[in-house]
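Below you'll find the structure I mean.
Per-chain numbering from 1; labels A, B, C, D and E assigned in written order.
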Amino acid sequence: MSSGLVYAVVGVLLFVLGAAGMLLLPHLLRKILAFNLLGSGAFLILVGLAQRDGGVDPVPHAMVLTGIVVAVAATALALALLRRLHALSGRTQLADESADE
Amino acid sequence: MTASQWLPLAVLASSLLPGLLIFALPEERIGLRTALNLFGAVAKLTLVGVLLVGVQAGNTYSVGYTVLPGVDLMFKADALALLFVSLSSVLWLLTTLYAIGYLEGSPHRSRFFGFFSLCVTATMGIAMAANLFTFFVFYELLTLSTYPLVVHRGSGAALRGGTIYLAYTLGGGALLLTGIVWLHSLVGQVEFTHRGVLSPLSPHYADQLRMIFLLLIAGVGVKAALVPLHGWLPNAMVAPAPVSALLHAVAVVKAGAFGIIRIVYEIYGVEFAQSLNLLLPLAVAASVTIIWGSLRALAQDDLKRRLAYSTVSQVSYITLGVALFGPVGTIGGLVHLVHQGIMKITLFFCAGNYAETLGTHKVSEMNGAGRRMPATTLAFSIAALGMIGAPLTAGAVSKAWLSDGAQALGLEWVGWVLLASSLLNAAYFLPILYRVWLKPAPARWPQEHSAAQGWRETTWLLLLPPLLTAAATLAAGIYADSEFSPLAWAQLIARREYLTPVP
Amino acid sequence: MNRALRAAVVLGAGLLAALLVAAILALPVPAVRLPALVAAHLPASGVTHPVTAVLLNFRGYDTLLEVAVLALALVGLLAQSPPRELTHAPSPGEPVLPLLARVLVPFLILSAGYLLWAGAHRPGGAFQAGAVLAAAAVVLHLARLWPAWDRPGRGLRLGLVGGLLLFLAVAAALLAGGTLLRYPPQLAGTLILLIEIGLTVSLGLLLAGLFLFLAEPRSL
Amino acid sequence: MNDPVYDVAPWLVLLPLAWAGLAFVWGPGRGARLALAGTALQLLLTLRLAAELLSLGGRRHAVGGWGAPLGIDLAVDGLSMTMLLLTQAVAFAVFIYARAYFTDRSADGDGHGARNHFWPLAGFLLAAMNALYLSADLFNLYVTLELLGLAAVGLVAAGGNAAQVSAALRYLLVSLLASGAYLLGVALIYGSYGTVALSALPLMSADAPLAVALAAALMGVALLLKTALFPFHFWLPPAHGGAPAPVSALLSALVVKATFYLFLRLGLGLFAPLGETIAWLPGLLGSAAIFWGSWQALRAQRLKMLVAYSTVAQLGYLFLIFPLLAPDGLALQAGVMQALSHGLAKAAMFMTAGVFLQVSGRDAVADLAGVAGRLPVTLFAFGLAGVTLMGLPPSGGFLAKWLLIDAALAQGRWGWAAVVIAGGLLTALYVFRVVRQAFASTEARPPLAPVPRTLEWTAFALAAASVLLGLRGMEVLHLLDVGAAS
Amino acid sequence: MMSLTFDLLLGVALLWSAWHTLATADLIRAVVSFIVFGLLMVLAWARLDAPDIALAEAAIGAGLTGALLLDSVGHLRARRRPGDNG
């Protein structure tokens, strides 16, 4: 088993953990953390799978660099929204139901 | 573009363009709006006259536009189309005059006349549609453009009536669409053609074709107010009088009846429809409607509702004529399309006049109205007698041809239906005539209009249209044998449909 | 969220994990090998470090859009930062010692410059350099040597999106010649360096901005 | 590698990015004119591109000159061209509207956040959509999806009140989860085939590795989440119904179409062999969306919520095409026609809702009584848009419905035809719920704020376009027939 | 197989820190776990011969994101209202 494959499997577990966390955890900050775990999992899979035979593949490296920047951008926006929501309503969770009104 | 192409389009445009312009007019531009209305109506009449001469000479007028592969928006001004077109355009002119007088001083007139013109355009499109797709387009357009007229007053009753109207007509439209697309998927696009287009299909499809027939007839049957699809018509009577007159006596219900004619004659073909055993059920449905409508009319005290049920009954004469396999019945049905229109619009004009001048809406309030409003009442009486089928009126001609057609087929029960219907007609019209002419007038009318003083019972704009249509009722009866009568035109159509000598 | 739904999510997650692991263990050898292609075209790319070549040349278009994502996030974030409330409790947490910051920051800036320069032929480049610059700003802020940012002025706004606009300008100039981001081989190295310099500044500002526009105002 | 004809396609991405950036530099609330000029230019370029496509066929543009699989390819065919046209046309109209909408005196609680940041965010949004339609590379598509998602979220949140922020957060989290799933799919594809260029990937047959099937499932679910297909629709109504009217118009008309397009593109191409076996599923979900969305629209108290739920329902139609896809092409034509006409009509509808809101300061359906007499143009626009949504002739929606029923009946699939018909009637129920209320006469005549005519007439123009589209069906289908460049 | 053992250990550490990030009750601890996770990711990238990503992860993934998260937690804490649970 190559390192690539090991990290791909770890990536799978991270992704699934993050996805479950995004769905199950009520606190918005946790959801944001979970999203970052999920993203890291996907990055690991991308690079790990591409390098499962041991060689180095620069293409997924570039993709992951792109992905990391996108992730931090999304995280910052999410945190800004969370802080705004907290400031306006004191809430740190989304209402359970998408009520009509 | 040749004349044969632009003439049908011009007929459409002569009401569409004024309608669109009227929408844009501010409320207070009364003069310009009236001019536009009348210009459109007169222009349309002129164009229709040109078409009539041309079609009688054997010219064909058609124009098409491809919308989707194998689906065309197509117009054709043939003899049958012109029967409906000329009826509608003559009555449009009269109703426009009437409406100008009727709505004087009321709000939202630009909107009213705009949609009114759109309705007429839709009617023209229905009449001149050359295939089911085009027919459907204008059929739904008619639904949509009538709705604002039904709810025009914005009262609770008007809104309710509008909702019921939509529920029926949109539902019917959905059935119609299903039938049309089904047919389309079987045979592709079919143009309306004399003697139908489906007979070459293999017998394998007979069951599907019966289902499609049911869907199509149910779809147009809503507007034709076939029982049990008639429920919208009495409720739509909340609309202002000109709307009831033109749309619910002429345009909308006739659009349904006209659709039945097109479907039976020019999609299925009468022979083929007969071979699928479709005509007898249709005749039964029409007969039931005739009797049921009359019975319900008897029970109504509200004049417009009584007239509405009378419409339910009378429009089915057309369907009945169509369903009577044979040229004589056909002629009866076709000619009734025109005759019923003239007569029923007269009645609605008069009902509007009574309501406007005296504030009477109920039959029971009409005692002695004849002496107060003799001209209106005269027109009303002529039309009512026509409806009953009294000699010398248009109604007599229709009924005679219909019962002859039934006899030719040996369908004795149809004769009984017609007789019963005439008796019922008499039962709900004659008491009114008795009241208005012979009973003493009350001391006070429910809501007498102060403007109508002196010898004039109302303004000439409200009086002229019913008098003219009443005169036409008589003329169509007395001069039925002349060359340009509706009857002659119906015979021309029947000749082309059956390709057999017609009496 | 009710219990059944939670159980379903956990179950689904487990199933997905099992399937994914099974799938990646059974993966066949891919038909296309990009590393060979990258190596083959590296000489024409204008740089010698393969990742930089992919990032700014072969897949430079991705990078262009990615910078847009970052700029966009900042715009979205600015829309969320309410007017500063000055009556605010002191921020929690231990401030980093100013002395450390004074030592660290020059070092960070130097290393950013190095990363930018090195990116052409070894690991590093605009992203890392920009990130290090941003880190320097964050450290300064935590050491209370640099204030949080309020509404940006026009100069700062220009700095924030300048890198993107420069990148766009190069792309547009090249597109005017026929193909998007097709560098003439002899100019490729120069143009990439130009873009990277612009990006380093803007990325540094953008990444720092993500923090500084959100951060608590701290007394200096 | 490139056509001898100069390729304008990449400008459709560069231009909006450029004016978005410049608008940001200009400053808060500025840049409207720049945006309008840019969008007008984009519209012209799109028209030129469409004309070229009709005469020369599909296009492919190798970014950087490298070509797939090393580089990224842009590709235009009939399908993407129709979507590009829709995007620029609707955006142009909405921008004219937005310029008049975001004035200092707008008293509708939308705040200044929306006004201050609308133009840059809208530019990024437009760039994202254009880039998505042009891209032929799975990873590049991921970046465009992120750009699109963040721009949309930013626009929803920009108003800055609690409901908007909450809706935006929900939208953002859904969008991020979906993007993550999509990215995992890309990783699996790259692992399986060593490339992410659509042109270099083989069509995935039934005996493809498990990883590929999983990738298809992950990417499919991701795109359904972003397109808000029932039952993934929960985020849409608060986001679309809560945002300022111009934003709602952009989101409902365009943004969900972009992810639908990608779903369709992958379903028709890459995953077609895999997709055929489960094509009934999107159809089924689409049907559920039609019924659920319509039902909720019927119950909604606020007009914008009603329109937002209508989007949920109308999106359902788009997915009805999947079980009906056949070589006759009817279902695909129906889908594109529905996407176009819904795009025009829904934008118009949200714009009319914005007019009502600006004029009366209220948004409840019940408050619309008597509007018919006072805002006839706006009500007319609403009605015309409603005609398209109901699928009544002669609108584009009617053509879509006709094609869809035709496709269903040609295959003897009665159930789907029945859903289409029933959906049309349900739509009529909620459309006329509004129209009826507008016609109601009312004693109370609360003062109405004057409304810029631009607002009324841009909504009207889009609504009229959605109806008139029904007369230009042939042009759309001709364009759609243009295949991809090899 | 030294390296494989290291990879497996690192994998376990990654998963453990990730789990801790989501499961720990205290938000500050969760964020600290996340920063630890980020630093472990740097190692993972290094093991995957991806120094570029490792650099970016260190600066952005662990550093900047961590700082952002910490700042936000502080912000939420400072304004927490009664009855609002972390």
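Brief remarks on what is shown
Simple rule for what comes next: a contact is a pair of C-beta atoms (placed from the backbone, for glycine too) under 8 Å apart; a residue touches a chain by one contact, two chains touch by 3 or more.
All figures in this text were calculated on a predicted structure; none of them were measured in a lab.
Counting hops only between chains that touch, chain A reaches chain B in a minimum of 2.
Any chain that touches chain A and also touches chain C is listed here: D, E.
Ranked by how close its C-alpha mean sits to the mean of all protein C-alpha atoms, the top chain is D.
Note: the chain lying farthest from chain C is B, by mean C-alpha position.
Note: the chain lying farthest from chain D is B, by mean C-alpha position. This structure's chain pair with the greatest number of C-beta contacts is C-D. Spacing of chain A relative to chain D, judged by their CA centroids, is 26 angstrom.
Rounded to whole angstrom units, the spacing between the C-alpha centres of chain D and chain E is 37. Mean C-alpha positions place chain B and chain D at a centre distance of 43 Å.
Multi-chain contact residues of chain C (touching two or more other chains) are listed as 20, 24, 27, 34, 38, 51, 58-59, 62, 66, 69, 72-73, 76, 80, 82, 127, 207, 210-211, 214. Among all residues of chain B, none touch two or more other chains. Contacts with at least two other chains are made by residues 8-9, 13, 15, 17-19, 23, 45, 49, 52, 56, 59, 61, 63, 65-66, 69-70, 72-74, 76-77, 79, 81-84, 87, 91 of chain A.
Interchain contacts (touch definition given at top) occur between A-C, A-D, A-E, B-D, C-D, C-E.
Taken in their complex, chain D has these residues touching chain C: 2, 6-7, 10-11, 13-14, 17-18, 20-22, 24-25, 27-28, 61-66, 69-72, 74, 113-114, 116-117, 120-121, 124, 127-128, 131, 139-140, 143-144, 146-147, 150-151, 153-154, 157-158, 160, 165, 184, 188, 190-195, 200, 202, 209-211, 213-214.
For chain D in complex with chain A, the touching residues are 139, 143, 146, 150, 153-154, 157, 160-162, 165-166, 168-170, 172-173, 176-177, 180-181, 183-184, 186-188, 190-191, 194, 234-235, 237-238, 296, 299-302, 305. Per the touch definition, chain C reaches chain E in the complex via residues 51, 88-89, 91-93, 115, 123-125, 127-128, 131-132, 134-135, 138, 142, 207, 210-211, 214-216.
By the touch criterion stated above, chain A contacts chain E in their complex at residues 1, 3-4, 6-7, 9-10, 13-14, 17-18, 21, 25, 27, 29-30, 32-34, 36-37, 40, 43-44, 47-48, 51, 56, 61, 64-65, 68-69, 71-72, 75-76, 79, 82-83, 86-87, 90-92. Note for the complex: chain D touches chain B at residues 333, 370, 372-373, 376, 380, 383, 387, 390, 392-394, 398-399, 401-403, 405-406, 409-410, 417, 421, 424-425, 428, 432, 435-436, 439-442, 470-471, 473-474, 477.
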